[in-house]
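After the structure tokens below, expect a handful of questions from me.
For reference, chains read A, B, C and D in written order, and residue numbers begin at 1 within each chain.
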């Protein structure tokens, strides 16, 4: 915090561009050794660090409209790193990094109490109900930078933290202490065929994300860009994933409003 | 056969009959143990929990048995610290019930976690900001206290007592008991409270979240309070059931009345606080997050406003009203109704604070996920019930749990052999199970 | 006694206390925790040196460049190649899943010869020598009986060296029956041929268009080269380019478009002509182009003006006439408007009348072969092999009519008509196909009218699949000669679908073959060798790599280095030279297909009232619906409103469902003239009442447990509807009945 | 739980929380130790009550 160089990595997803194709989901699974089962149609036990939800405007044919919204871990900062999940983990198995703003998960420390899952309003945390099993031979594609998780622990999106580490190692070897914007990008950002995801340091004015979102430090990073919003802004979770939409109903679907409350960003 | 072990001055049925009547309980116990090992060896896929229901039946059972086991610390507090001496006649039983509840809670937690072999990380790598850490520490420590409180009773077994060391140990522990009880009350205050805090701190879940003082949400105090209020009701209820089964009067009515009166007033004040809390939450806290009160009770297949009424009115206002009136608590039927309603009330409260919290959608594009437990979850939840019945039965048979029993049920030593044996073995009666479950 | 009890108790308690105080339980507890962190059954990926290898994705005709991240000799991740002309770093969901195909259990591990009944999936491993000798023997036998023309090959692609080697093999052997699987490529090729006289692929300068009218094209479902389309869509968003999507269902494309116009399915061609009507009436067309470079305009415009008034079009399409007028005006007033068609991913051919109607809109706006318009892209010309010297048998065989009738008087302009093959096989006795080769295709799954297909299949005495995967066709073949999969082999990819520049991509092996497989190019060469002259001498190459080397000549090294070849400064011919029709002009009414304009709509099979609803397919980017089956990653992304356990959910408008008494998620029976299936119902406001929509790409019976048995194959419920003018399969849906159970 | 665990910080939270914990544990430990030792001494002295 006192360190001026502290990063605050975040993501902004342009929902006008997002086509709901699902490439981000698979890029994430491939990058992070996410396991799969024969039947994944029960979405309540299907591990998808990145999950694309479908929103609808609730109107009837032909006024009906849909919009896709990818939901990674929001890497909530809460107040001073007091994110909903980090504060509740009894075994310090998940942590908020003040250096990067990334909420980490230490699989070997986690003993599977699932309190963090209860705490997360975004359902971004997933439990390994089963031992991960890859069909014979398929374990060959597993990425050595991310350890496969054992049964009985919680996992979630890490903003591809291993990529940050690798980029930092490389920079260090080259005698640099700072990363270029494109040196550290998440797998989903890289894969998105629509280029709908922008990832970078919210604290760095040179980064695209900062320019797009224009976070307001006086209001815990609330976006000044009127097209931008965050999910469940009113809870005070202070997420670092922002969304852009030109459609009013989409922005409104990002949070809860009482019937009499008008549009906009709540209080 | 086991005469030498049975306390003096009381009568118990023959051992084979005792064991036979416990048969069904043992069957349930074994069923539960099988399910427990399935969960340990195959993992939590044996349950119907899922990523939306990370907390489910087990956590509810945990919260509930601990609330119900609250009779132990509160009675202890009244007996040893406040000096309600009369309660010495029920304290043993209260401690026994508490011991069962807390050991059950720990067992369920050991099944509930995904990596039981690493469960001790909660201590070793403790995150002091987590309510669950507080729960784990206080729960374990307080379980130690309960063991210390229960131990003298075991040492008072006729045979054990004959060992001089144990006799003295028991005696000495009685002497120091107020200190232990005080420590227990201190620990209980925090773990009951932190169990309430578990839900109350979830600021991502407007249904659970409560404001509070410093780091403690209102639910922290409400849980401690409700455990103190409702726990004794459970002790009374179980004692009454034990009396029914043994067909003996075991505790004098004035003891019941005293405990019921205190419990009643605690409950009355608690329920007022709870109503204020609910009102404030409904009109201030939740709406500030954009969620209207009725949103939590509509658009789903199960959770209606009825559950709030059941908890607060049926399980709170009514029993409190009965217990604070002299007529209410001294009429056996009314007393029984009151304690049963109270037990239901506090169980519903814990249910709501665990399962409904999980069910209420927060993201606008998610619905209410529904959940029903798998048989493995049910079996492992019944496991402690069966174990509890066994422990009560054996304790009753071999230990001087009820100091007033001999006085209330004088026996003719001559006719000891032929006396009609009404025994504790009938504790196996199924009536007990739902009350504790 | 007393002492005994006392000492026993002391022993127990002392022992317990002693053990607790000793390090043993603590060490054990710690060890157990460490063990739980390193369970031997949780895999630990091997570390190794990281490297990257570029190649070209071959899972669809998109032609994307991919970069494979390797650790040691393992491929661990597929990413899009930065700077690649087609996809520039982007990648689609299927491309990302490629490694699950590479290492997955669906691979065919070695040549397999059937031992049980067809489809029973009982196999015997055979050696390559044995297998090839067996095939050669069969072929020699047929050739000896002068039945060389009864050998047919179904191929997913043409134009590249491998399909061309196969075609060459058939030619030298004496069979004209090289048949490409159907797609919108067929109809667009024919459209260009008829209206522009070009033998070319269609290319869209989509990034430079400023107003898009899409007649049901799944721009965001996988139409064209998918990643390129996704990227273009984002560019449109940034530049404010308007997209109007015309289709009966709120697809991803429709949802992302600026305007979604729900239309009665199958009437898109009518709408195109309705728009033309307005443009003509209001004189909004580009007179410079129409006046100088087109022919038949007067006749065509007279017809259109007379017959396709907005009122009529409103009745047919269900789209408000004022909307039609507005749309036509906005389209015509745009600087670079572009009309495209080909339903969904373009996996079906479609009616030529519709394609020509849409293409006429482009012609009216003069945006043929110019910036932001439709370009005729000449086929890649990298293959210059010497003419095949045919012997008498080969010549005789090549004189035979193709089994699908393509190129006959009736279907003069069609090149491939695969949908006709089952019927023709069933008509002949013995079967007109005695041996069937299948290459990069899965006809047993993708062909419609399953009853007819199965009957025909049973009549083919010998079926050989070259599939790398145990797909439906392989599973129902007699012999499988597994090809290396695309990450293990060299192969040229001769075009990127819809790309407006001549392009050749090169697939290169990024890992060594994981199984006992053989490059199909080599398999063909070895077969030729085994057959001896004259077939053998048509193949003057040692092996397939030698063939590639020879084919590309001095460009081979550069191609290997860069991985693709693109004419980035390609400009379509100037209008004076671009049209190769007899008139050297764009033909609004090509002489050879005068009736096309009258045939802009094709009726769905089935009649009311037996079939009161209309079933339409829809494509999803998350469901591979071509010859590749969905890998586990992709199936995992399929929403539970599409697939629940093994049940497929069809989309129905709530009102339609209500009238049938069916509610959300409930089971129902879906019946069409071609089949029947048990489905579940998903209520969706985004679909026109009276329709039932079903995803394509499910209902596989082969592959592995992650895919087999999930959902229903749309092709099981539909049959081909032949376009009278072109012969192409123009089916876009089928009448259906949905009833509750 | 111990200052040598790496997540330990010498902050108010840890001192209050762990202070309370270790305080409670100390009382329980000392209490029990006292009882056991005293019982052992009493038993050795052969005070009455042990053998009825």
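In the analysis below, a contact is a pair of C-beta atoms (placed from the backbone, for glycine too) under 8 Å apart; a residue touches a chain by one contact, two chains touch by 3 or more.
Being a predicted model, the structure only gives us computed values, none of them experimental.
Colleague: Report the most central chain, judged by the distance from each chain's C-alpha mean to the global C-alpha mean.
Modeller: A
Colleague: Count the touching C-beta pairs: is A-C or B-C ahead?
Modeller: A-C
Colleague: Centroid of subunit A to centroid of subunit C, CA atoms only: how many Å?
Modeller: Centres of subunit A and subunit C (C-alpha means) sit 33 Å apart.
Colleague: Determine the centre-to-centre distance between subunit B and subunit C, using the mean Cα coordinates as centres, and give it in whole Å.
Modeller: Roughly 63 Å, centre to centre.
Colleague: On a C-alpha centroid basis, what's the spacing between subunit A and subunit D, in Å?
Modeller: 46
Colleague: Quick one: subunit A and subunit B, Cα centre-to-centre, how many Å?
Modeller: Their C-alpha centroids are separated by 40 Å.
Colleague: Multi-chain contacts only, two chains or more: what residues does subunit D have there?
Modeller: Where subunit D meets two or more other chains at a single residue, that happens at 7, 51.
Colleague: Listing for subunit A: what residues touch at least two other chains?
Modeller: 42, 46, 54, 92, 131, 150-151 - these are the residues of subunit A that touch more than one other chain.
Colleague: Provide the list of subunit C residues touching at least two other chains, using ranges where the numbers run on.
Modeller: Touching at least two other chains: 2, 36-37.
Colleague: Provide the residue numbers of subunit B that touch subunit C in the complex, in ascending order.
Modeller: 115, 117-118, 120-121, 159-160, 162-163, 166
Colleague: Within their complex, state which residues of subunit B touch subunit A.
Modeller: That would be residues 43-45, 49-55, 112-116, 118-119, 121-122, 124-127, 129-133, 136, 198, 201-206, 287-292, 357-358, 362-366, 369 of subunit B.
Colleague: Which part of subunit C faces subunit A closely enough to touch in the complex?
Modeller: It is residues 36-37, 39, 41-48, 71, 74-80, 87, 89-93, 96-97, 99-100, 102-105, 220, 226-227, 230-231, 233-234, 237, 250, 252, 255-256, 260, 262, 514, 621-622, 632-640, 643-646, 653-654, 685-689, 704-706 of subunit C that touch subunit A.
Colleague: Give every residue of subunit B touching subunit D within the complex, in rising order.
Modeller: The touching residues are 123-129, 133-134, 137, 141, 144-145, 148, 161-169, 171-173, 176, 179-180, 183, 186-187, 190.
Colleague: If we count contacts the way the header does, which residues on subunit A are in touch with subunit C in the complex?
Modeller: 14, 16-17, 19-23, 25-27, 29-31, 33, 36, 38-43, 46, 48, 52, 54, 56, 59-62, 64-68, 108, 131-132, 134-144, 147-151, 187, 190-196
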